Structure formats: C-alpha cells, structure tokens
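One structure below.
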Amino acid sequence: MKAQAREVILMPLIEAENLVKVFKVAKRKQGLTGAVINLFHPEYMIIRAVDGISFTIDKGEIVGFIGPNGAGKSTTIKMMCGILNPTSGWVKINGLSPQKNRKAVVSKLGVVFGQRTQLYWDLRLGESFELAKRIYKVDNEVYNMNLKAMDDILKIGELIDIPVRQLSLGQRMRGELAMAMIHSPSVLFLDEPSIGLDAEAKYAVREFIKSINEKMGTTVILTTHDLNEVEQLCRRLIVLNKGRIIEDASLSVITDKIISRRILIIDLDEDVNDIDHPAAQVVKKEGLRVWMQFQRSKITAAQLVSDLSRKLKIRDISIQEPDIEEVIREVYKGTAQ
Amino acid sequence: MHPYGYISKMKIISVLTYRLDVLISFVSNAVMMFAMAFLWKSAYGAAETAAGVSSRQMITYAVLSVLLSAFFQINVENNINHKIQEGLIAVELCKPVNLLMCYLAEDIGNVIGSLLVKAIPSYLFALLLFREVFTPDLTRIILFVVSCILSYGILWTLSAITGLSVFWFINLGHLGTVKDGIVRILSGSLVPFWFFPSYIQKVSGWLPFQYTYQTPLGIYIGQTAIKQAFRDLAVQAVWMLIFSAVLYKLWEKAKNKVVIQGG
Amino acid sequence: MRALALIRHYCSVAICCARLTIQEQLEYPFLAICWFFIIPIEYLTSVGLLKVIINTFNNLEGWSFPQLTFAYSLALLSRGVVDVFFIQLLYLGDMVLYGELDRMMLRPLSVFFQFTAQNINFIGLVNMIPAIVIFLYSCKEVSFLWTAANIAKIILTVIGGVLIRISFFMIIGTVCFWTKSNNQGVELGIKLLERSTMYPLSIYPFFIQFILTFILPLGFICFYPSCEFLNKNDGFVIPLGLSIWTPAIGVLLFYIAQRFLKYGLKHYESTGS
C-alpha cells in the first residue's frame, strides 16, 4: 500500500527534458528593391524558440506559463500537446510521448486556444458537445455527469441550445471550456483563455479552473498575460524568456527573490512631522496615513514596526506586497542583461 | 505618400514577395496557354481558316486570353465579403478614406504587380514557344491597351456590385463564383462568339460580357476592323459608366445600412 | 475485435459529422442553391465548347463529339465522387495554415479520416446527376455495350480515377503546407486535372503526353480507359488492357501520397501562434 502510494506521487504527470525547438524563418527586406532581391536570394534566420527547458509537473497542479511575447510559451505548449516535434529533447505525459503515441496521449488532454474556436459556428452549442462525445468515446453516463458538472460550474445549461454565432465572447469561452472537459481529461491546456473577456467572464473562467482542479483533480496548465489571473490561480509559475526558463517556483518565492522592497503602511493616531528611520524612507503621506519603503533584506517588517512604534503612536499597519506586474517586469528585465 | 498610392505600392511588394505564388502563377498560365493553344491547333488541323479567323489568329487569341485573365486581378468582392463576415466593416467605414477607392487602389497594385511578375514573363514565354503568336501594329496595340483598361473597369465595377450585395444577403455564399463562371463563358474568353450562330451573337452584343474579353482580344488579333474597334470601345465605356452609376448608388445605400454580424 | 471496435468508432463519428454538416448547410440555403448551379454550368460549358469546336471543325484528332463527351463524362464520374467525399482535401494547405490541422492532431482520431469524413458534401451528390446524365447520353451515342465486363471495367475506372485524384490533391496539399504558401497550388492542380480530362491527350505534343502518362498519370483518369472502350489506339500503346491500369495506378499513387503526407506531417512546423 505504502509503496504504491509512493509510486503514485513519484511519477510526475508531465515531464520535459531539455526541450529545444528551432525554426528557420525567411528574412523579409524593406521596400520594392528589397522585395525583388528577396525573390532570387532569400535569406533565413535561425530562431531558437525554445532553448533547452526542463520541468516536471505533478498531478493536480495549476501551473502558469508566463513570459513576454515570443518567449516560447506557445511553442512549449504545442510540443507538450504533440502538435510540434521538438528539435531535440523530449516530453512525456503520463509516461507516453505525445509525438509517438499521439492518439493515446491526446485522448486524455483537453485544449482550449483562446482565439480560435472549435465549435460549429452555425449550430447550437449542444451539437458540438455531441460530436466531442463520439470522438472521445465518452459513454452516456459519464457524458451526462460531465454535462451536469459543467452546468454547475459554468451554467452551461442556459447556453446549450443557442447557436454558437449568437453567443458573446464570454459565453463562447464557457462553451469551449465545457467542451474541453466532456471527456474528463487529466490535463487541461489553456492558451490565453481570458483574452478579450470582460471582468465577469474572466471571473467565471477563474472559478472554472479552481473547480475542476479541486473537484475533478484536473491538472491545469495556463499561458496568460493576465497577471491577476496568475496571482489568483497559479500556485506555481514557470517564467519563460527567450526560450529559457527564468523562474520556476511559486509566486511568493519569486516575489521574495526578485523584489525585496516592501511598503509598510502606517495609520497614525497622532500626526507627526518628522518620521525618520535609518532603514526606511517615507514615500507618501496623506493625513494620518504614511507609506514607508524598506528593504526586506535589510530589516524585517516586524523589526521596523517595533522600532517605529517606540517613537510613534501607531493605530494600524499593513504591508503592501509589490505589484505582481512590477515583479514580473523585473524578472523579464533580469534576463535581458 | 498619398494613401491610395501607398496601398498600391504595398500590394505590389506583397505580390513580389510570394516567390512560390509567382512560380505557381507562371506555371498555371503556361498550362492554360498550352492547353488552349494545342486545342485550337488540333481543332484547325490542316484547315487555314474557320469562321473568318485564321489558325494563327485563334492561337494568339487563346494565349492572350489566358494572360488577360492572369492580370485582371480583382479582389474587391472578397475584401468586402471578408470584412463583413468578420464584422469589421463598421471599423473600415470610420477611416478617413473612401473605402471603395482603397480597394480599387489595392486591386490596381495587384494588376501592376501581376503585370510585372506574371503576365509579361508569361507572354515572352508564349512568344518563344508558339511561333504562331504575333504582334500587331502600333495602332492596334494602343487600341488594345485602352480596351483592356475599359474591360478592367467593367469587371471591377461588376465585382464591386456583387461584393456589395453582401450587405443585403449576409452571406455571399458562392454568388461570386457563379458570377465569375457566367462572365467567363459569356465573355468569349474560351470561345469567341464568331464561332456561334448569328442569333447568339446578336444576343451577346446586347450584354456587357463579351466586351470584357472578346473586344480587346479581337482588336489585338486583327479580327476587328479599326472602325468597328472604336465603336466597341465606345460600348465598353458606356457599360463601364452604367456599372459605375449602379455601384455609386448601391454604395450610398450600403453605407446607410451597416449590418454587423457576429459577436 | 479491436478492428471492429475501431470501425464502429469511426462510423459513429462520421455519421455525427455528416448530420451536423447537413444541418449547417441547411442554415444557408442560398449557398446551397448557388452550388446547384455552378457545377452543372461548368459541365455544360465544357461540353458546349467541345460541341462548338466539332461543329466548326468536324472532328478533334479523330474524335467525334459523342466520343469526346464519353471521355469527359467518364472523368466527371470520378470527379463527382471526389467532390462528395473528399472535397476537404482541396483545403488541406489552408487548414494547416489556419491551425485547423493542429486541432485535428489534438483529437484521438486519424488525421486523414478527419479530413475526409468531416464534411460530406451532400450537394455534391445532387451534382452527380448531371454527370451521370451526360455519361448515359454519351454511352447511347457511342453505342456502348452494357456487358457485365464493361460495367465492372467502368466501376474500376471510376475507383481508380478517384484514387488518382485524391492522391494528387494530397501531394499538392502537403507541398502547400510544407512551403507555407497559400492554396494557389490547388487551383493549378484543378486546372491540370481539367485540361487532361476535358480533351483527348492526343491534342498535346509528344512530351506532354509522355508526362501525363508516365510521370503524372492523369491520363489514366479518362483518356486511356476511353481509348479502350472506344477502340482507339491513341496515345501510348500500353499492354494488358488499359482498364486494369487505372485502378492499379490509383492504388500505387494513393500509397505514395499517404506516405508523403505522413512524412510531411512529421516534419510539419506550426506557423506560429
């Protein structure tokens, strides 16, 4: 029993080892003369879209792949799905290679690409589900159970009879997410799922991801530019830039590592003119509220509060973590050096 | 640079950039020219003339017909259809340029690009391979060029009208293809109407289509007398004016009725 | 047993797709109606062209009008079948470029199957009617003998023609997505097919006949089988009775095209996000 349990934990769901993907892109020259020259003497650029990345993802994780445009996120996801062949290195899902055992791997994957739809445009939403049911050989019981689950989580029941072309973007996304879950995949890949969605729809997507992860144990891999989403959902972040993994840890770990700067917000009982501390500076003051910036590497928040409270009458404090956008920007910048 | 001129220039560049496209067009034209030229050559067999046209003239006709279709590039219909399908037409109408003029500029750019890259090499190729193809005197060439411009005008306005019909039909479907098919047959591009019984020729004379291909080609191969040529050019101009007027009216109507499709 | 389950799986998907496609096409009746006209117009135009030529010149390389029509309509039969079941293959290049192929690779079904079963063109079925009508008419005119052997030969020829056509489009489509060009090659392919089936190959000079017989065997779609049925000796004299060659070449070409496509897919590179 114990040995079995250990095995279940030991084998990660997704493994990638030294993945590399190289593209050959034709260089386009400027202007009319350039275009003529290009006709006879084309030049190529070698692009290392993915330059040796390795990681493992365990069952039940929610992992966010983030990085600036062109960092290699989509390319990596495509290699994991089996759509793209790595130039070198390998990736395995459940011990199987998506390139060599495409059908077996793919039958357990759910994929949603934000921009393109896989729904039948002119027919009601339900028809697309029926097709998915047959393609993935989902039996009736499981199908109905999943549909009900999707109704609970996404309220898909109210959309199921509407033709896809009449759905709003947010509704369509719900439809796509539901369709991706019809066959109870063990891994769900989401490529920019909240693009163009309003706040309410984004919230629905987030709740959906949390639900399927908690209730169905689905592992979720998400690429996104929406850092709010990242903050709320991803316990783990893989940050890519220029085809390499820059960071692979939880958000708090990354934040601590990158930006040690914090802001301490103090609400005073009594206004004071002169607030001075060797390890912190006042960056803003509004009435009785003071913002003080300090370095966590030089002094802890607790120590600072303790120091200040000796001189000042403090009514309330809070600590402002750096904005995640700032953190990520620093992460990206770090690699540009 | 004037925005319309810029659009044309960009289109020329994009035509030149797709090397494989260029090659395929060239091969495509060559295939059609071969097929039609050999068809007529075989058909004539030993006969010198038929229906008042010599074998040599007919082969020139066929070859040139393929070239004309290669550089009568018209995309306005698809452009309009596309933009409507994607719900972008409202956005396009907000721009401070006349939308139709933009499409015209783009198509003209396409024509010039095609001329440089596809039509002229193809014609030189044809001259080399078919000893029967000839070049007429200067007057005819000038008349031919003028006639081609008018033909293009007729075809372009017709396409634009078809494209605009999307505003009322939502989905163009294959109306464009049907229209193209009809035009192709009735324009005399495959077989000029001289081979048909006279009652068919009479009917065709009243329709605009034969004036798109048969007229310029007839002038080129010397089948049409110069006097007749001028008359034909006049008819072409009239048809072009008629279609332009219809187009203008439709355009005004369409702008008033912007229907947005999709989400 | 596994094979049976597999077939059942594919059948259920195909039936569902067909049902959905029909529903889709019913959403836009105007579109469907257009198609009803385009194809017959095209067929009749080609036949009309032949008639005009014959009327003026009496014959074309020794082929009379009924004989020409026979050959052409024989090609139309295989074309009709392709239009009904395999029309998606014409869009192979485009599908790849727009990421449709990605989507197909994400499903636990054979990609080839998805291309063919996804869009059964039931309008194409209706369009087979003019093809069959023209064929039967020309059969009557050439006094075609409806013996069992002849019928079998016709069926084999049509099957072979279908295989040759789809192999041809598979190869073109593979080249299209490999070179990342748009679908221009398909139009060229269509033109080639038309030009080699509309007229007898004997109108073309020797080297073109050679190409269309041995290198790109489009001549076997209708020319050579027609030669046999009409007792003509045009083109290259090929032993063993021509009607056996068409299906044989079809199978061979299909095998080559399938391997080529698989190879192309393996080295397929996605065109970016």
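Each chain gets a letter, A, B and C, in the order it is written, and its residues are counted from 1.
Keep in mind that, in the parts below, a contact is a pair of C-beta atoms (placed from the backbone, for glycine too) under 8 Å apart; a residue touches a chain by one contact, two chains touch by 3 or more.
Computed from a prediction, not measured in an experiment: that's the story for all the values here.
Of all chains present, the one whose mean CA position sits nearest the global mean of protein CA atoms is C. Among the inter-chain contacts, the highest number of C-beta pairs connects B-C. In this assembly, the chain whose C-alpha centre lies farthest from subunit A is B. Centres computed as Cα averages put subunit B at a distance of 28 Å from subunit C. Rounded to a whole number, the gap between the C-alpha centres of subunit A and subunit B is 51 angstrom.
Rounded to a whole number, the gap between the C-alpha centres of subunit A and subunit C is 47 angstrom.
For subunit C, residues touching at least two other chains, in rising order: 28. By the touch criterion given at the top, residues 23, 74-75, 78, 81-85, 102-104, 106-107, 109, 111, 113, 116, 118, 120-123, 127, 130-131, 134-137, 191 of subunit A touch subunit C in their complex. Residues 28, 30-31, 33-35, 37-38, 41-42, 45, 49, 52-53, 55-57, 60-61, 179, 181-182, 184-185, 187-188, 191-192, 195, 199, 202-205, 208 of subunit C are the ones touching subunit B in the complex. Residues 9, 12-13, 16-17, 20, 23-24, 27-28, 98-99, 102-103, 105-109, 266-270, 272-273 of subunit C are the ones touching subunit A in the complex.
The touching residues of subunit B, counted against subunit C in their complex, run 18, 20-21, 24-25, 27-28, 31-32, 34-35, 38-39, 41-45, 47, 50-51, 169, 171, 173-175, 177-178, 181-182, 184-185, 190-191, 195-196.
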